[in-house]
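In the two complexes below, chain A is the common chain; its partner is chain B in one and chain C in the other.
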Partner chain A sequence: MYRYDEFDQTLVDDRVEQFRGQVQRRLSGALTEEQFRPLRLMNGVYLQLHAYMLRVAIPYGVLSTRQLRKLAHIARRYDKGYGHFTTRQNIQYNWPKLYEVPDILAELAEVEMHAIQTSGNCIRNVTADQFAGVAADEIEDPRIYAEIIRQWSTLHPEFSFLPRKFKIALTAAPHDRAAIKTHDIGIGMVKNAEGETGFEIFVGGGLGRTPVVAKRVRGFLPKQHLLSYLEAILRVYNQLGQRNNIYKARIKILVNQVGIEAFTAMVEEEWQHLKDDALDLPADEIAYIKSYFAPPSYEKLEGEDASLAEKRLAEPAFARWLLTSLQPHKAPGYAIVTISLKPDGGIPGDATAEQMEAVADLADRYSFGEVRVAHEQNLVLTDVRQRDLHAVWQELRRHGLAAPNVGLLSDIIACPGLDYCSLANARSIPLAQQITRRFADLDRLHHIGKITLNISGCINACGHHHVGNIGILGVDKKGTEFYQVTLGGSADENTSLGEIVGPAFDEHHVVDAVETVVNTYLEIRKNGEDFITAYRRVGLAPFKETLYAAH
Partner chain B sequence: MPLIKDGKIAQDPWIEAAPDAALPDVDALLVPYAVWHEHRETLMKRNGRLGVRLAADQPPQLIAGDLDRLDLVALEFPTFRDGRAYSYARLLRERYGYKKELRAVGNVLRDQFLFMHRCGFDAYAVADENLAAEWSRALAEISVVYQPSTDRRRPISSLRRRTPAGPGAAPAPKSGEIVSSWAY
Partner chain C sequence: MTVKAITANRLSDGNVVYLRQDDTWSERIQESIVADSEDLATALLELAKRAVAERLVVDPYLFAVSVEDGRIRPLGRREEIRAAGPSVRTDLGYQAAAE
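So, the complex of A and B:
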C-alpha cells in the first residue's frame, strides 16, 4: 500500500499544527463558531446531537494493521471503546472532546492518517472498490489513481470552498462495487479498442433529496489526463454551481439544469486549456505511485485447496460462512474474505477496539498485514490462503465477527440516525437491530439469498436508501417517526433508484413490511433469481398489493 | 479598510467610485463592473490608473479584453464560503496573463490567505489590520503543496522526481519487504 514520503508526512504534520492553532483560537474566542465551523469541518469535526464527532479518512478503504491498531487505540483512549465505519470508507468517533482533537490528529499523523476534507464543501475522501488490487475481475489496480487523486485534492487551493461537498469514487472492475454512479464524479477503468487502459468518467450522481444516477461525460480518457480533466470539471462546477440554496448546490443539479451535452461541452472547452500542461501525469509519476501497490509475494498454490473441501463438509457452520464471505482472488489458492460488521442485533458498521485489534492480528498473521473497509460498512482481509480460512473463521468467531450474512438481508447499511445525528427524522440503528433479529434464522436468510437493505434516518441519505434493493427512509410525521419504503434500488454497474411503495409505516409496522416484501419476493421468485432480478421482472405492483391489501 | 501586501499593511492609493455617483477625479480609480460596463469608453480615455471590481457572479471573461488597461482587479468574496473567486483569480493569472495587482475584497479571513495566495492574489483588503502580522504565519503553516497552481510552487510530485536517488526518504518498498515489515 501507499506509504508517506517526507513530503506527504510534512503536509499532514503541518496540518495538525495548523488545526491545533485554529482550535486554540476558537477556545480563546479569537474565532467565532461561525468562522471556526468551516475550519473544523475541513478537518472532519462535526457538532452532533450530544457531542463533537470526528470523522477520519481511510483513503479508498485501505488500512495497514498498524493504522487499524491506532484506530483501536483512539477508540479506547479518546472515545467509548468503539468506532463506526461509514459508507464512505471513513471511521467516525462519536465522543471526542474538541480540545483533544488536535492530539488525536497528531496520533493519526504518526501512522500516516488524517481527517483532512472528511467534511466541508470540498473534495472528500476518495473511495474505491474495496477489493482493488486483488479482485479477479479487475483490469488494473485503481488504488494507484485513487492515491493520485487523494494527493491532488488535498488542500486544493481553488476547490476548498465549493458550492457543496464533492465525492469521487473509482472502480476498475466491470462489476462496480464502489457505487461510482452515485458520486459527484465516478471513474471506471476501461480498455479502448487499442487495448489501452484509461478512464470512463461519469458526473453528477448523488443521493440525498434529489437522487440522480451519474451521466457519462467521457467514454475514454487516457491516463495522463486524469487530473487535468478532473480539474476542468471542478472548475466549471466551482464557477457555476448554485450557491444560494444548499439543496440545489450539488453538481448533479447543475448537470441536470444545463443538460449533460452542454455540461460536457463546457468541461471539454475548459480542458483544452488545461491538458498537456502542469497537471499532466507523466508515466514515471504513475510508475512511482504504482510501485507502492506491487502485489505481495504470493505463494504458488494450486486452485482450490483440498483441505478446505473436507472442512466444508465436516462443519456446516463453516460452510455457511464460506458461502457468503468469500470473493474470488486473482492469485490461485487465495481468497478475499469479507468480515461482517453486522451481527444479529448489532449496530451496522460498529467495531470495538478489541475487534479492530483482533482483525489487525489476523491480517498480520494471514493476510500480508493489510485490511480494507468496504462501503457496505464491513471489513476485508484481502489475501488469505484458502488453507488458512478455517483458522481465520475460528478466530473471527471468538470475537463475534463471523456472522455468515455478507450480501444477505441482515447485511444492512444504516446511517447513525436519530441516536447521534442532529439532522435525523427517525432512528436507523434500532430499526436495523430489529430487522436483523427478525431475520436471525440463518436457513431463512440464506434461502432469501442476495439482497441489499439500506436505511437512512433522513433525506440526506447517508445510509444510501435510494439504492438499496429495499430502502428505508426515516420521515417525520407530526413528531412521530415514520418509515418510507422503496424497492428496486441498486448501486452497482446497473445503478437504479428505488421506487416508493406507498404510504410510510410507523415503527411498529415497518419490520412487518420488510417481511411482507421478502415473502412476496419468495412467492414470485423464478429459477432462483435474486431479489433485484425478480423485482425488475415484475415491478412494484405485486409488492404494493401485499403490503397494502389488508389496509 | 486595511490593505495587506507582501505581509505588511500597505498604503491604498485606490479610490472606489460609488455606483451611482459621478466619477471622482483621482489618480487611481476603482469602479464596480457595472460602472465599467456602462462608462467603459469614457473611463478608457482617462489618464489615471483604472481598476475594476468583480462581484462573485461576474467572471473575469467579462473584462478579459480590457486587462491591458487595468492596474487593479478586485475580486469579491461575499462570504468566505463563496469560493468562485479562487477560480477567477487563476483564470486571470494563468489564462488571461494578468500581471498587475489582484486584490481579494469582501469577507477575507486569515485562514483563506494561503489558498488565495496560491491562486494568484497579491493584495488583501481585510477588516482588521492585526491580520498583517498573521499573514506570513498563515502562509507558512503548510510548507508543501500537492498541486501546481498560480504561485508556481513546486508540487510534491515534481519534488519527488527531482530527488536524484529516487523517491526520497521513504523509498517504495519491494513486495518482499512488505511481507517482512508488516507480518510477524
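So, the complex of A and C:
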C-alpha cells in the first residue's frame, strides 16, 4: 500500500500541531465558538447528540494492520472501546473529548492517518471498490488512481471552499461495488476499442434531499489526463455552483439545471486550457505510485483447494459462511473474505477494539497484513489462501465476526441515526437490530437470497436508503418516529433510485412491513431471480397491494 | 406554556449538560432549573449565552419537559436520548451510571 513520503508526513504533523494550538486558543478563550467551529470541522471534529465525534479518513478504505491496531488503541484509550465504520469507508469515534483530540490526531499521524477533509465543503476522502487490486473481475488496480486523486485533492488550494462537499468514487470492475453513480464524480476504469485502459467519467450523482443518478460526461479518458479532467469539472462547479442555498449547492443541481450536454461542453472547454500541461500524469509517475501497490508474493497454487471441499461437507455452518463471505480472487487458490459487522441484533458497522485487533492479527497471519473497509460497513481480508479459510472462520467466530450474511437481508447499511446524530429525525440502529432478529433464521435468510436493505435516520441519507433494494427513511411526525419505505433502489452498475411504496409506518409496524415485502417477493419470484430482478419485472404494484390492502 | 429546561454541550469534553438553579451546569437532567414562563425561559437562555462566552458550554437551547411528582422528563425522543445515552447502548451515557 502507499506509504507517506516526507512531504505527506510533514503536512500531517504540521496540521496536528496547528490544531493543537487552535484547541488551546479555544479553551483559553482566544477563539470564539464561531471562529473555532470551521477549524474543528476541517479536522473532522463534529458536535453530535451526546458528545464530540471524530471522523478519521481511511483513504479508499485501505488499512494496514498497524493502522487498524492504532484505531483499536484510540477506541480504548480515548473513546469507549469501539468505533463505527461508515458508508464512506471511514471510521467515527463517538465520545472523544475536545481537549484530547490533538493527542488522538498525533497518534494517528504516527501511522500515516488523519482527519483532514472528512468534513467541510472540500473534496472528501476518495472511496473505491473494497476489493481493489485483488478482484478477479477488475481491469486494473484502481488504488493507484485513487491514491493519485488523494494526493491531488489533499489541501488543494482552489478547492478548499467549494459551494458544497464533494465526493469521488472509483472502480475498475464492470460490477460496480463502489456505488460510483451516487457520487459527485464517479470514475470507472474501462478499455477502449484499441484495448487501452482509461476512465469513464460520471458526474452529478448524489443522495440526500435530492437523489440523482450520475450522468456520463466522458466515455473514455486516457490515463494521463485524469487530473486535468477532474480539475476542469471541479473548476466549472466551483464557479457556477449555487452558494446561496445549501440545498441547491451540490454539483448534481448544477448539472440538472444546465443539462448534461451544456455541462459537458463547459468542462471540455475548460479542459482545453488545462490538458497537456502541469497536471498531465507522466507514465513514470503512474509507475512510481503503482510500485506501492505491487502484489504480495502469492504462492503458486492450483485452483480450488481440495481440503476446502472436505471441510465444507463436514461442517454446514462453515459451508454457509463460505457461501456469503467469499469473492473470487485473481490469484488461484486464494480468496477474498468479507467480514460481516452485522451480527444478529448488532449495530451495523460497529467494531470493538478487541475485534479490530483480532482482524489485524488475522490479516497479519493469513492475509499479507492488509485490511479493507467496505462502504457496506464491513471489513475485508484481501488475500486468504483457501486452505486457511477454515482457520480464519474459526477465529472470526471466537470474536463474533462470522455472521454468514454478507449480501443478504441482515447485511444492513444503517446510519447512526437519532441514537448519536444531531441531524437525525428518527433512530436507524434499533430498526436494523429488530430486522436482523426477525430474520435470524439462516435457512430463511439464505432462501431469500441476495437483497440490500438500507436505513437512514433523516433525509441526508447517510444510510443510502434511496439505493437500497429496500430503503427505509426515518421521519419525525410530531415527535414520533415514522418510517417511509422505498423499493427498487440499487447502487451497482445499474444504479436506480427506490420508489416510495406509500404512507409511512410507525416503529411498531415497519418491521412487519419489511417482512410483508419479503414474503411478497418470495411469492412472485421466478426461477430464483433475486429481489431487484423480480422488482424490475413487476414494479411497485404487488407490494403496494400486500402492504396496504389489508388496512 | 410548555415547561422548559436548558441544555448544552460542555466545551471541554462535549458532554451533555443542563443549567442548574445556581447558574452552574449539571450532567443530570433532574438537577435542571425549569422555566414555567416565557420570561424565565428567556432569562435562562441569556444566562446560558453568558456561559458560552465564559467558555463553559456550546450550543445551548431550550427544550420542552414535563414535571410529574418532582421528576423532570424530557419531551420527545431526541431529548430522551440526549438525557439517557444511546438507546442501543444502555451501557453508555448517563443511563449507565444511573443503573
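Points worth noting:
Going forward, the second predicted complex is superposed on the first by the 551 of 551 C-alpha atoms of A that agree within 3 Å, B and C clash if a C-alpha of one lies under 4 Å from a C-alpha of the other, contacts with A are read in each partner's own complex, and residues count from 1 in each chain.
The rule is short, and it goes like this: contacts are C-beta pairs under 8 Å (C-beta built on N, C-alpha and C of every residue); 3 or more make two chains touch, one makes a residue touch a chain.
Model, not experiment: these values are computed from the prediction.
In the three-chain model built by superposing on chain A, chain B fits alongside chain C with no clash. In the superposition on chain A, A:427 makes contact with chain C only, not with chain B. In the superposition on chain A, A:539 makes contact with neither chain B nor chain C. With both complexes superposed, B is the one of chain B and chain C in contact with more chain A residues. With the two structures brought together on chain A, the opening angle seen from the C-alpha centre of chain A toward chain B and chain C is 80°, to the nearest 10. Using the contact criterion defined above for the overlaid structures, shared-chain residue A:7 touches chain B, although it does not reach chain C. In the superposition on chain A, contact of A:419 is made with chain C only, not with chain B.
Touch criterion met: A:288 reaches chain B, while chain C stays clear of it.
In the superposed model, A:154 makes contact with chain B only, not with chain C.
Aligning both complexes on chain A leaves chain B and chain C separated at their closest CA atoms by 20 Å. Applying the stated touch rule to the two superposed structures, the chain B and chain C interfaces on chain A have no residue in common. For chain A in complex with chain C, the residues that touch the partner chain are 26-27, 29, 33, 47, 49-52, 80, 95-99, 347, 418-420, 426-427, 429-430, 433, 479-481.
Against chain B, the residues of chain A that register as touching in their complex are 3-8, 10-11, 14-15, 17-18, 21-22, 35, 38-39, 64-66, 121, 151-152, 154-162, 235, 238-239, 243, 273, 278-279, 282, 284-285, 288, 291-292, 294-297, 364-365, 368-370. Interface residues of chain C, counted against chain A in their complex, comprise 9, 11-16, 52, 55, 58-59, 75-78, 81-82, 85-89, 92-93. Against chain A, the residues of chain B that register as touching in their complex are 56, 59, 80-84, 86-88, 90, 95, 109, 111-112, 114-116, 118-119, 141-149, 156-157, 159-161, 167-170, 172-176, 178-179, 182-184.
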